[in-house]
Amino acid sequence: MRRFIRKRSDKAGLSPGTAIFVGEKKVDKVTIEIMDYDETQITETEAANIEECFPFKDQPTVTWINIDGLHEVDIIDKLGHHFGLHPLLIEDILNTEQRPKMEETENYIFFVLKMIQINEDDHQITTEQVSVVLGSNFVISLQERKGDVFEPVRERIRKSKWRIRKLGSDYLAYALLDAIVDNYFIVLENIGEQIEDTEQQLTDNPTREVLSRIRNLKKDMIYLRKSIWPLRELISGIQRIESSLIQESTGVYFKDVYDHTIQIIDTVESYRDTISGMLDIYLSSISNKMNEVMKVLTIFASIFIPLTFVAGIYGMNFENMPELKWGWGYFGLLGIMLVIVIVLFIYFRRKKWL
Amino acid sequence: MRRFIRKRSDKAGLSPGTAIFVGEKKVDKVTIEIMDYDETQITETEAANIEECFPFKDQPTVTWINIDGLHEVDIIDKLGHHFGLHPLLIEDILNTEQRPKMEETENYIFFVLKMIQINEDDHQITTEQVSVVLGSNFVISLQERKGDVFEPVRERIRKSKWRIRKLGSDYLAYALLDAIVDNYFIVLENIGEQIEDTEQQLTDNPTREVLSRIRNLKKDMIYLRKSIWPLRELISGIQRIESSLIQESTGVYFKDVYDHTIQIIDTVESYRDTISGMLDIYLSSISNKMNEVMKVLTIFASIFIPLTFVAGIYGMNFENMPELKWGWGYFGLLGIMLVIVIVLFIYFRRKKWL
Amino acid sequence: MRRFIRKRSDKAGLSPGTAIFVGEKKVDKVTIEIMDYDETQITETEAANIEECFPFKDQPTVTWINIDGLHEVDIIDKLGHHFGLHPLLIEDILNTEQRPKMEETENYIFFVLKMIQINEDDHQITTEQVSVVLGSNFVISLQERKGDVFEPVRERIRKSKWRIRKLGSDYLAYALLDAIVDNYFIVLENIGEQIEDTEQQLTDNPTREVLSRIRNLKKDMIYLRKSIWPLRELISGIQRIESSLIQESTGVYFKDVYDHTIQIIDTVESYRDTISGMLDIYLSSISNKMNEVMKVLTIFASIFIPLTFVAGIYGMNFENMPELKWGWGYFGLLGIMLVIVIVLFIYFRRKKWL
Amino acid sequence: MRRFIRKRSDKAGLSPGTAIFVGEKKVDKVTIEIMDYDETQITETEAANIEECFPFKDQPTVTWINIDGLHEVDIIDKLGHHFGLHPLLIEDILNTEQRPKMEETENYIFFVLKMIQINEDDHQITTEQVSVVLGSNFVISLQERKGDVFEPVRERIRKSKWRIRKLGSDYLAYALLDAIVDNYFIVLENIGEQIEDTEQQLTDNPTREVLSRIRNLKKDMIYLRKSIWPLRELISGIQRIESSLIQESTGVYFKDVYDHTIQIIDTVESYRDTISGMLDIYLSSISNKMNEVMKVLTIFASIFIPLTFVAGIYGMNFENMPELKWGWGYFGLLGIMLVIVIVLFIYFRRKKWL
Amino acid sequence: MRRFIRKRSDKAGLSPGTAIFVGEKKVDKVTIEIMDYDETQITETEAANIEECFPFKDQPTVTWINIDGLHEVDIIDKLGHHFGLHPLLIEDILNTEQRPKMEETENYIFFVLKMIQINEDDHQITTEQVSVVLGSNFVISLQERKGDVFEPVRERIRKSKWRIRKLGSDYLAYALLDAIVDNYFIVLENIGEQIEDTEQQLTDNPTREVLSRIRNLKKDMIYLRKSIWPLRELISGIQRIESSLIQESTGVYFKDVYDHTIQIIDTVESYRDTISGMLDIYLSSISNKMNEVMKVLTIFASIFIPLTFVAGIYGMNFENMPELKWGWGYFGLLGIMLVIVIVLFIYFRRKKWL
């Protein structure tokens, strides 16, 4: 649960726009990577301090500043000041519990969203907040820790053959967004496999463990849903922007990533449906199993209790019980008992309990 | 589950517009069929290579190029290049996990949707992605494998008497769309029959197998819903297009196919309602059955346990038990037992358990 | 289920606008009735062939042509041709699985909807498709079989005192629509009574039969809902029409019938709520009954099993069992048993099981 | 159920605008009360016949004509005729199954809604239809029976100190509406108390009676919802009217009553949620109780059935059973039995069944 | 339940705009605090009577008048009169059951909302109604009792370094709104922890107490939802205001608090989903437990009942029972019994009941 809102309360009552880091510190040292490129050249550097980034603001080449680690408020503060970010946006960057959203000003477009990754082994979903600032010739991305889904984008930038080198900062921002959204597909695919597995288990052997898997899947869906619906608004918002920051030719790419988001939402909703159906199936499986148990009990009890009664009759010590003296009494009684068993057997067969 | 998103992840991180086939290879060889017709003549050829199609782009006659098999990326790429398709659209054609959608440009209208077929025997639903490009005097359709629902359309083209020969490429595109949508009715009809069967079984003998049928029907519905809702958007989008590619007189036909889609959606929603009701019925059937079982057990146990106790009493070995010496003691006791049975019988009768 | 879509598949792949009858043939012979009236005079004739209707198209009097039976495609085709109906509309008339809808052209307004009737005895709902074509001075109504809900309208036309004789064809069309919608109230009223009955049964004696009644009611609701929601769109569509075919003074009547439709929808939704609540009640009734059964079993077993054990003790054949030789041993034991019974009785009483 | 639609069917097929009373006759004699006032004077009379009301139509003072009893169609008809009401509105007034709605014409605003009252003792909700006609200087209210929620309004009119005496007929209409809506709060408050009571019972002792209370509450909610949602439309409609009949200064009062309606809707929805939660709680309470019962049975049976078996062993009549001859055999066996009991006791304790 | 609508009924029928206190008296004495500040100076006083506040209305400095305690109607009435509030607003202030809402007039913006606080120990949620009147250079806040969430705001005002001292009354109103909304996060965080705890308990030991916790959480959610949805409308309404009272630069802050509200709504909806899932889990846990109980019973009964029957056979007193005379009969029978036990044991093992 706590993953829904965490540490938020530390901030309650503070002045809005106060730069305070809200979240877990996930990395020791803040790293600042700078990629600066145009169609002909590219330089990649790791900056020792934030001031090294400042000159790139006014260069004509496209610059991508990537910052891993948000806990050193000072760095972000300086960066924000230099690049002219509104204090409320700096607050948003530092608050890792932010709802995905997009803000547009005259000089930049800002969006914040969740980068989601799944561990292949234990199916644990980890999320990280990524803030992106798109300026006229720079893109700043801010992440909570090292390690991201942007490696393929970096590769494409490094090789001159790709389109990305020829296009502006808006295409770079799109490429980052696209990389994040594409990763949702991988997560959903993994969850899809889990659902399949769980369904198989549900059919084969519906144990308690299945119930807890269903519950976990359900929670994952609630969480994904909470991340993906605002993402849709965000991207649809970017599409509607009429800003000189986004060139018309890039619009079609944002539409493409929007379509992907819709497809993710469709899939999440389908999964929700499927998972909620699984709980019903589980419940009826338990009922079915109890039925089984009851039938076994009923059959055993219904056959042997009457027989025991009959045996009890002839275990009585009345002096005058003529049957006891009949020579074939015992064997006759065994025969009668056999008949009773057969009759009951047929009866249960008819009821399809056997 | 995996049928919702499959192989999608292979693409994550690639540059958008990269022509890569995403999906299962469902056919060995790519086939290219060309139908070229106007009101007076018709030629039907199977092209050996994609270049044969290129001249038709600029001929005044209506040309229908149908391609079965998408795995040879090269062919699609060349085709797209010649007919001027945007790289993102080529990517959409090759990605068989595409969500149904429609794109409009100055020179063509593109739409992609799911062709759905049901196997009469095992009720397995198979889907295939169909992309359609509508140009001013040509229609290109791209499918995953041979075998489709377009045969009646081909027949109508071959015979000169039908309207289709007199009308343009927009009517042909409509005819293909209509053929695909009409097939949804067949699938729904088949599912409707399955639902009827399952309901019958539910009344007669609600076994575990029924549960698994209900589950399968539910999944089919989730899947159909996921296909059909975007289809509605797609067709409604086509209706709203103000393009010279679609003549005003064809508009009424697109409205007709739109009405059909709405009817399909209505039916899918009704089926969903019905199926979700069936699960409730199933659950209460199980409970009813358990009630039955419990009643049998309770009746048997409640009748014979007291009797066995009574027999147990007179099986005790106390020296001073006067009843044992009474000559009619045994028979008297049997009478008393009979009375107990009758009383309990009446009691259960009153409770309507017998 | 099949009543949702039936025979639709026979048509799949045919050219749109092909006049083919889709549905059950519900009447042997097609009947054509003509009512022609103005404020001063009225003539009622049964036409021998469809051509007899044609002259009325251009007469100033209001003419109501009512056709029962749709299977003779030829008749409908000729009619459509003479009165200038679009081929797609003729197809809609002949396809009895049509979704209620309204089409407007320059010369006529067309609407198709479901006439619904309920059998008072077996509560079976029967539906029939009615198509209505409203022209400037004529109304054509097409039904699947003889027998309809229009009799009161005919009566009003026959008697000169009613307003209907003074007003135009738009009022006649309204009167037919109103008659159909009013009949939905009768059906709902009947269903309301069934719901009341079933609720009573649910309280008194929740048997399996109740479950099947609930299921049937639920299905009826799904079906009604599917008919009534499009009806609302239809009527709201007519209200919005700005056509010379509908006079302004008639508008208020269409608003009235629209209000009725809304009220029907409200009622259907309330019924759905009520019915879905009944299933929950049923389920808890079953559980309650099982509780009852279990209590009886538990009480019987818990009282007599310990007693039987005690009796079993003194039925053992140990040589050294001093109690057996005590003169009052037997009666003492009976007393102890009585005490056990009383203690258990009090225990169960406390638990409120008795 | 029947309270949803009643007697509606009597009208089916009649000409619209036919003045026919639909509903129960709830009062013997029709009463007509007239209040005529302006800032300085007030007269209150009970009219012997409807004609007495007619002169007030054209007087400058504000006149409130209140009619209790709708079954004398003639009276309503004459009234309608004199005050220029459309025949369809007269039909609406007389049809007590009307859905709350508002109609605006040039000369008057008409609205019809449900006045709701709850009996404090048996929590029975009674409804009555109230129609209100607001003209330029008169308000006509028509009710089904004597006794209403307007008494405080009358009091305010009688005392000259209140604002109502200084304001026009629109304020009077508002005051009536406000009185009716305020009464919904009282009903909801009462239901709120019932819900609290029922929740308490649910915790203390979930009997069958609780189930039937939940069911009744649920039905009340369905009914209230059906009344209150159209009421919201009605009032929101009045707010949007741009008519000279409603002065601008009165608008804020209508907004106020609109806010109240929203609050009522919120509360109804919250109650629905709460009530539907109660059914789930009830179901799990039953399951819990069954669990209890089962545990008692299982403990009794599991302890005494093995013991009875052991006793049964030594009740056998084999000639060669050495234990029977051991002097301490009987007491040893009793000891073993005690050990068995203790072991089982510990076992059930561990399982937390004891 | 009563917390939804309380004491509302006391007012029914009164003239609207009547100043009557509706609610619980939560404080003995009304306190009036005045903070008056501009960038350079600040004065803080506690007013002895309401008249002391009046001069501040026309001073250029920003004045915050905070009133704790609403039961002295007279004070509020005078205040309202002096500051020109509409009688209906005074009624809203005094009615502590008001739905959150916003009203705009020419001279002030009025909003009323719920301040929510949670007790850390018993997780009891307490709410208090806060009304805020924003004028051109003053803000009046009215609360039900002393103690609020505004302390940090006061601190910020006292210290000159904060932005709040430099900005106008609109920013102060925003700061109050923000403080209230921020507190919702704290409440949600606390509830999130409760949900986590309850889930843990649900897994470990699903007792009845868990059910009651789930129920309480559910109720909290219903209540929060009822408060937060109107809050969203309220803030979105403020954003849309085009009033000189709100400066453009403050708009971005209102957007920020709006975003927070959306995030709260998202979280509430996620929690609702999670909680409703917990009930399903609880239900299946109970079923699972019952299954456990049934299995124990069935195993005990199925093993010992047949054995007891066998023992019963040889406890019969027939004269001619040859087995009884066999020397090894007794031990042979014990052996057979052992075999039966082993067979049944294997059988239950196979069924995975052991």
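Residue numbering begins at 1 within each chain, and the chains themselves are lettered A, B, C, D and E in the order written.
The rule is short, and it goes like this: a residue touches a chain if its C-beta (ideal position, glycine included) is under 8 Å from a C-beta of that chain, and two chains touch if they have at least 3 such contacts.
The shown structure was predicted, so the numbers you read here are calculated from the model rather than taken from an experiment.
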Original post:
If you take the chains that touch chain D and keep only those that also touch chain E, what is left?
Top reply: none
Original post:
For the two copies chain B and chain C, what is the rotation angle that overlays their Cα atoms, in steps of 5 degrees?
Top reply: 70
Original post:
What whole-Å value do you get for the distance between chain B and chain E if each is reduced to the mean of its CA atoms?
Top reply: 42
Original post:
If you average the CA atoms of chain C and of chain D, how many Å lie between those two points?
Top reply: 26
Original post:
What are the residues of chain C that contact at least two other chains?
Top reply: 283, 287, 290, 294, 297, 301, 305, 308, 312, 315-317, 321
**OP:** Have a look at which chains touch which and call the overall pattern line, ring, star, complete or other.
**Re:** ring
Original post:
When the cyclic arrangement of chains is written out from chain D toward chain E, what order is obtained?
Top reply: D, E, A, B, C
Original post:
Which part of chain C faces chain D closely enough to touch in the complex?
Top reply: 149, 151-153, 156, 162-164, 175, 178-179, 182-183, 185-186, 188-189, 192-193, 195-196, 199, 203, 252-253, 256, 259, 262-263, 266-267, 270-271, 273-274, 277, 280-281, 283-285, 287-288, 290-291, 294-295, 297-298, 301-302, 305-306, 308-309, 312-313, 315-321, 351-353
Original post:
Along chain D, where are the residues that touch chain C in the complex?
Top reply: 1-2, 4-6, 8-9, 11-17, 86, 88, 99, 101, 205, 208, 211-212, 215, 218-219, 222-223, 225-226, 229-230, 279, 282-283, 286-287, 289-290, 292-294, 296-297, 300-301, 304-305, 307-308, 311-312, 314-317, 321, 323-330, 333
